[in-house]
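Below is one structure, written out as C-alpha cells; the observations come after it.
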Amino acid sequence: MLSFVCDYLEGAHPKILERLSETNMEQLPGYGSDRYCESAKEKIRAAAGCPEADIYFLAGGTQTNSTVIAGMLRGFEGVVAARTGHINVHESGAVEYTGHKILSLPEQDGKMVPREVRAFLETFFADANREHMVFPGMVYISHPTEYGTLYSLQELTDLSGICREFRIPLFLDGARLGYGLMSRETDVSLPDIARLCDVFYIGGTKVGALCGEAVVFPRGNAPARFLTTIKQHGALLAKGRLLGVQFDTLFTDNLYFKIAGHAIDMAHRLREVLHEKGCKFFLESPTNQQFIILDNKRMDTLAREVGFDFWMALDDRHTVVRFATSWATAPEQVEALRELL
Amino acid sequence: MLSFVCDYLEGAHPKILERLSETNMEQLPGYGSDRYCESAKEKIRAAAGCPEADIYFLAGGTQTNSTVIAGMLRGFEGVVAARTGHINVHESGAVEYTGHKILSLPEQDGKMVPREVRAFLETFFADANREHMVFPGMVYISHPTEYGTLYSLQELTDLSGICREFRIPLFLDGARLGYGLMSRETDVSLPDIARLCDVFYIGGTKVGALCGEAVVFPRGNAPARFLTTIKQHGALLAKGRLLGVQFDTLFTDNLYFKIAGHAIDMAHRLREVLHEKGCKFFLESPTNQQFIILDNKRMDTLAREVGFDFWMALDDRHTVVRFATSWATAPEQVEALRELL
Amino acid sequence: MLSFVCDYLEGAHPKILERLSETNMEQLPGYGSDRYCESAKEKIRAAAGCPEADIYFLAGGTQTNSTVIAGMLRGFEGVVAARTGHINVHESGAVEYTGHKILSLPEQDGKMVPREVRAFLETFFADANREHMVFPGMVYISHPTEYGTLYSLQELTDLSGICREFRIPLFLDGARLGYGLMSRETDVSLPDIARLCDVFYIGGTKVGALCGEAVVFPRGNAPARFLTTIKQHGALLAKGRLLGVQFDTLFTDNLYFKIAGHAIDMAHRLREVLHEKGCKFFLESPTNQQFIILDNKRMDTLAREVGFDFWMALDDRHTVVRFATSWATAPEQVEALRELL
Amino acid sequence: MLSFVCDYLEGAHPKILERLSETNMEQLPGYGSDRYCESAKEKIRAAAGCPEADIYFLAGGTQTNSTVIAGMLRGFEGVVAARTGHINVHESGAVEYTGHKILSLPEQDGKMVPREVRAFLETFFADANREHMVFPGMVYISHPTEYGTLYSLQELTDLSGICREFRIPLFLDGARLGYGLMSRETDVSLPDIARLCDVFYIGGTKVGALCGEAVVFPRGNAPARFLTTIKQHGALLAKGRLLGVQFDTLFTDNLYFKIAGHAIDMAHRLREVLHEKGCKFFLESPTNQQFIILDNKRMDTLAREVGFDFWMALDDRHTVVRFATSWATAPEQVEALRELL
C-alpha cells in the first residue's frame, strides 16, 4: 500500500548499503575510532565550516537528545524547549529520566519566539525565589520543528544572541536537518547553524541512513569525557563503523544534500496535489512534512488506500493528518496519490 | 518589624518545645521506631478514621513530595499536576531529579478541574503514540493549593473517582492541611481525605512544628520497603523522636486543629482589614494566605514597615503580594497592620 | 595487520548485508513492529523452546544491560554481580546512572559461586540493619563471562534455584552467547537458559551482526510497558528493521550457531598454536577468548606484528593478554599467527 | 534498661533546647538565611580557621553525603571509598540513586591506605579502557570511621596530597567528628581538616544535636548554586533556624568540644571496664565506639540487661558487638555496666 506515514519507512540509501558491503571485512577498531568515522568527521567539518569541531556519532534521536542534554547540563539545571518539542512530548520522558526538567514555553507552529525566550530568562533571573526553581541551563530547538517549520536566519541569530547574553548553550535538534537545509524557503545554511549554535546534530535516521545522528560541537567545545558519557547512556556502538561508513557516504559528493533535496521536490509536488484536490491545510510547511485537515469520514476511507499519520483530533468531526515525503519517495507515488484523492 | 511574609516565621508551638524537653533524656530507639512515633501514628489514624493506615514522618515538604512520588511511580510513569503546583515550580526540579516527568495541566486559582484531568487521561490512553510518551502514573494535588484555595468535597470526590477509574493513585500534598481543614468555607474533613486519596500528608512545618510532615497511606497501602526508600532519599532522621514527639503533641487534645483554627481566625481579621483599607484582592482565599494587588510605589513604601511576600508582577505598575497568617499570628499584629495601612 | 584483538573487528556476516539489501526498499512500520522483527522473534522462540516469550531487540550490550536492569528493579533494589562483571567494570557506570547499586561479589575466573550467592542473600535477609541497605533485587551473570568461562548446567540450575527461593530474577548477559552455546565443553543449551533464567539476551554485535541484542523474557514476563522503558533509555531504533532483519537472518538455517561454531573451531586451533609455541596460559577458556601471559619484552615485539588485547599487568615484568577469535576468523589467520610466534 | 547501643539515644544537649525555646517566637527568614545560621557559620569558620568558608546546614548524614557527592561530581564520575564506608553499606544506595558509582577499595579497620588510593588512581589513569570506566571524581573518607578509628595527620596529609596531585576533591564525612577531634590518641585538629580537605562536615546528630550536619567548603569552594542542589535533594529546611540555633549553641563556649570530650572520657572508662572484665576486643578504638567479641550464649544473656549493637557474626559461636558512649553517657551508666558484667 502507498504510504506517506513518515520519513523512515525504507532502509538506507542504496549507496550506503553498497559502502557497508565494500568495507565489511576490513578489520577496524571499535567505538568510533575507525578511519571511516574520522573521514566522516572531516567531511562534516568541511561542510559546516567548523574545522575545530568535536563530532560524535550516536544511533538515534531520543538517545542523542538525552545524552547531549545530560552531558551539558549541571545537576540543578533544566532545558528550555517549546511545549511541542520532541523531547517534551514523544521521548517517553528520556530527559527527565536523566534528572533534568524541561522548562516548556509556548510555541507558534512548533517554534519558540525569541522575545518570549528572552522574557522567560529575564523573569527567571529577576525572581526572588529563583534558588528554589530549576535554572535554565540550555535552550533546545528543533529545526525543522515537529511541524516541519523552520527558524529564519534572523530568528536563529536572535536566539543565539540571547543564549550568549545569558551564557546558556543553544542546542539544535536536527533529526530532519537535511530537509531544513534544502528547503526552498530557508535562508539558513549549515555553516550558519555551526556558527550560531553551541551543539547541534545532523540527522541520519530520517535522511537516508539505517540509523545515526552526528553530534557537532562546532568550536571543539564538547564536555569533558563526552565519550564516557555516551557509553554511560548506552549510546556507544561497539562497531562504530556502522555509523562512520554511513555518514562518510552521506557526506561524499553531497549525497546528504541531494537526497534531502529530492524529498523537498517531492514535498512540493505533494503540496500541489493536495492543493489541486482542495485539501485544507492545517500547516503547509517549507519542508517534507505537510499537515492537512480531513473530515473524519473521508479520512477513514482514504486510510484504506494510503498511509498517513494521524496527528491530532481537531474537533469532533475533523482530524489533522500528516503526509511526509523522504529521500525515498518516488514521483510515481505522488502521482498515485493524485489519482487516489 | 511586623511580618506576614509566610507561615513559618516562628519556631514551634510552645507545647511542642515543652514536650521535647520533657522527653529529652529518655533513651529511645532510632529511625522512627520509638514510642512517640507509634503514639503519634495511632492518634493520626484515629483523627483520620483510617485504622489500617501506614504512616511515616519526614522532615519537609519537597523531601516528602519527591520521596512519595518516586516511591510510588514506576520508572516509565510521570505525575499529573497543576502548572502552578509546588512540585512544578518551587522545588528545584526535585521530582525530575528522581527521573519522573511532571505532566502539567492548566489550573484555576491553583486547582485542576476534574473534567480536564479526565480529558487529559482519556486523550492520553487514546493516543496511538502513547508508548512514546510518559504514562500518567499519579495525580498530585495540593490542598490548600499554593493560592490558598481548596477543593470542594465534590471536586475531591470527582478526582478520586477519575483516579480509581484509571487505576492511578491520588496524592494530596497537605503542607498546609490544617489551614484547609479549619477553613470556614470547606466541606472536606480529614476522614474524607483519607477515604478519597491513596496517599496524603499532614503538614507540620507550616502548622506549628519545627519541621515534619506525616505521610499517610490510609489503607495500609505503602509501597514495599518504603522505609528503605525514605532512607535512600536522605529523608530518614536518626532521631525520629524529633518528629514523633512533635506530631504526638500536635494530635493530642486537638492542638493541630486548634492552632490552625486560630490562623484562620487571624486570616479573617486580616481580610477585614484589607477590605476596610480598600485593598484590591487578586485572590481572597478561604485559608491563611491572602493575595492583594499593590501599586508598586505603595508596595515599596509599605515594604519598609511590614513584611509580605512578592508573589508576581501583574503589570508594569502593579504587583501581586501575599500576606499569610499562621498559628503564631497575634491579634495585635493584625491590629498593627490596620494602623499601618 | 593480523588481529585477534576482539570479536567485533569486522562488519556483519555477509548473509546479513545481503538480506538488508534485499529488503531495503520495502516500506515497513517503525520501532520494531515490522514483519522481520516478528519473524525473528518466532524463530528465537522456537530455538529457545519458549513459545510464550516476550522479545525485544536493542542495539548494544551496555544499553541492554542498563535498560533491562532498570526496567526490572524497584527503586530500592540493586543487582548482585561478580566483581569482574561487565556492568561493574566496563560500562561507565551505566547501571548506577539509572540509580541502582551493583552489589558485587567475589568471583572465580569471572563466575560467581552459587553457594556464595546464597550466603550473601541469607546474610542480607538476616541483617538487622537491612532496611538501611540496598536490597538484592536481581542476580546478573554473564555467560560466557568476561573471561570466556561458562557456568555448568549444575551451576546454572543452582543459581536459578537460589533466585527462585529468594524470589529474585536471574538475568543472563549473553553478549557472547553463541560462543558459549557452541563450546565443546558446555552442557548448557539455549532452552536450558530459557528455562532457568528470568531474562537473558542473545548477543548479536559480537556474533556476526552489525549491532543488536535480542532480549528474551522466556515466560512472557516482560515488565509492564517495557517498550516505553526502552524508548526512555534511548534504546528504541526508529528503523527497527535493522535489528529485525539481522536476527531473522541469524536464526534462519542455524546461521547463528554455525558461525559461532566456526569461531570455536578457530579458538581450538588458536589454543593448539599457543600451546605448541609454549605460551603460558593465564586462563584457557572453553570459548573464543584465550588469555596468555607474556613477558613484557616479548609482548612489545609481538605487538608490532599482531593485534591482541592488553588485559592486565600481572607483575612488573609480565602482562596478561587476550586473543579472541570470531565468526570472521579465517584459518589462514591462525596459521599466520603460528608462523609469527 | 541500660543502653550503649549508639550515640543518638537521647534528644539534644539541654543547652540546645534552652536556646530553641529562648529564640522560638522570633520571626526569622527561612531556608538558612536567619541570623542564627549566620552566627553559627562565623563561629565554625573561626574554630576551623577558614574565614572564607562556605557553610551549609543539612539535617542528617545520608542526606549530606548524597547531596555533597552529587553536587560535586560530574555525571561520569564516581566516588572512591572504603568498602566499609557508610555510603557503601548503610545508606540504602543513596549515592547510586543520584547516578554515581562508589568505587570501593579495601580497608584496614575502616581506613583506606593512602598508597592503595594512589595505586588505584595510577592504575585507573594508565588503563587503556578507562573511557569505558567510571572516573574517580572524589575521595570519601569517614573520620572517625565506622569502626571508630582515626586517620593520623600523616595519613590525612598523604591522602590530601594524592587528591591534589590527581585534582580530585577530598571529602571527609564527620558524622562523629567531635569524638574524633577530642580523642586522646589523635594529632588531627579541626583546622588541619579544613586545610587538607576540600569539603567536610561537622556532625551534629550524633554529637548532641536533635539533627543537623554542618557542611564546610573551607576555601569558599562550594559548587555553583549549591543551595538549589540542597533544595533539589529535599534537604533544605524551611525553618533553617532549627539548624542554625543548634550549631550556634554547639559552637558557643566550646560546647561541641566539651560534650564530645565527655563522651571520650566515658569511652575510656568503658574500655577499662571491658578490659577489667576480661572482654576480648575486636577493635579498641580511640573514639567513642568499642567493639568486643562475645560468646553467643553470653551475648544473649547480657542482651537482657544492657543494650548494645550487634555488629557482625564472627563465627558460628561468636559475635562482634559494639558499645558506644555519647555526650549523654553518665558515669553511673558505665558503673552499672561494670556491675552487670
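Chains: A, B, C and D, in written order; residue numbering restarts at 1 for each.
Everything that follows uses one rule, which is that a residue touches a chain if its C-beta (ideal position, glycine included) is under 8 Å from a C-beta of that chain, and two chains touch if they have at least 3 such contacts.
Fair warning: this is a prediction, and the values are worked out from it, not measured in the lab.
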item: Contacts common to chain A and chain D (chain labels); value: B, C
item: Chain pair, B-C or A-C, that carries the greater number of C-beta contacts; value: A-C
item: Chain separated most widely from chain A, comparing mean CA positions; value: D
item: Rounded Å distance, chain A centre to chain C centre (Cα mean); value: 33
item: Inter-chain centre distance, chain C versus chain D - centres from mean C-alpha coordinates, in Å; value: 41
item: Length of the line joining the C-alpha centres of chain B and chain C, rounded to whole Å; value: 49
item: Chain B residues counted as touching two or more neighbouring chains; value: 75-76, 91-93, 97, 99, 131-133, 228-229, 231-232
item: Touching residues on chain D, where the partner in the complex is chain C; value: 75-76, 78, 89-93, 96-102, 128-129, 131-134, 310
item: Contact footprint of chain D on chain B as seen in their complex; value: 3, 5-6, 8-12, 14, 17, 20-21, 23-30, 59-67, 91-94, 97, 205-206, 210-211, 228-229, 231-239, 241-242, 307, 328
item: Footprint of chain C on chain B - complex, ascending; value: 31, 70-71, 74-76, 99, 131-133, 135, 224-225, 227-229, 231-232
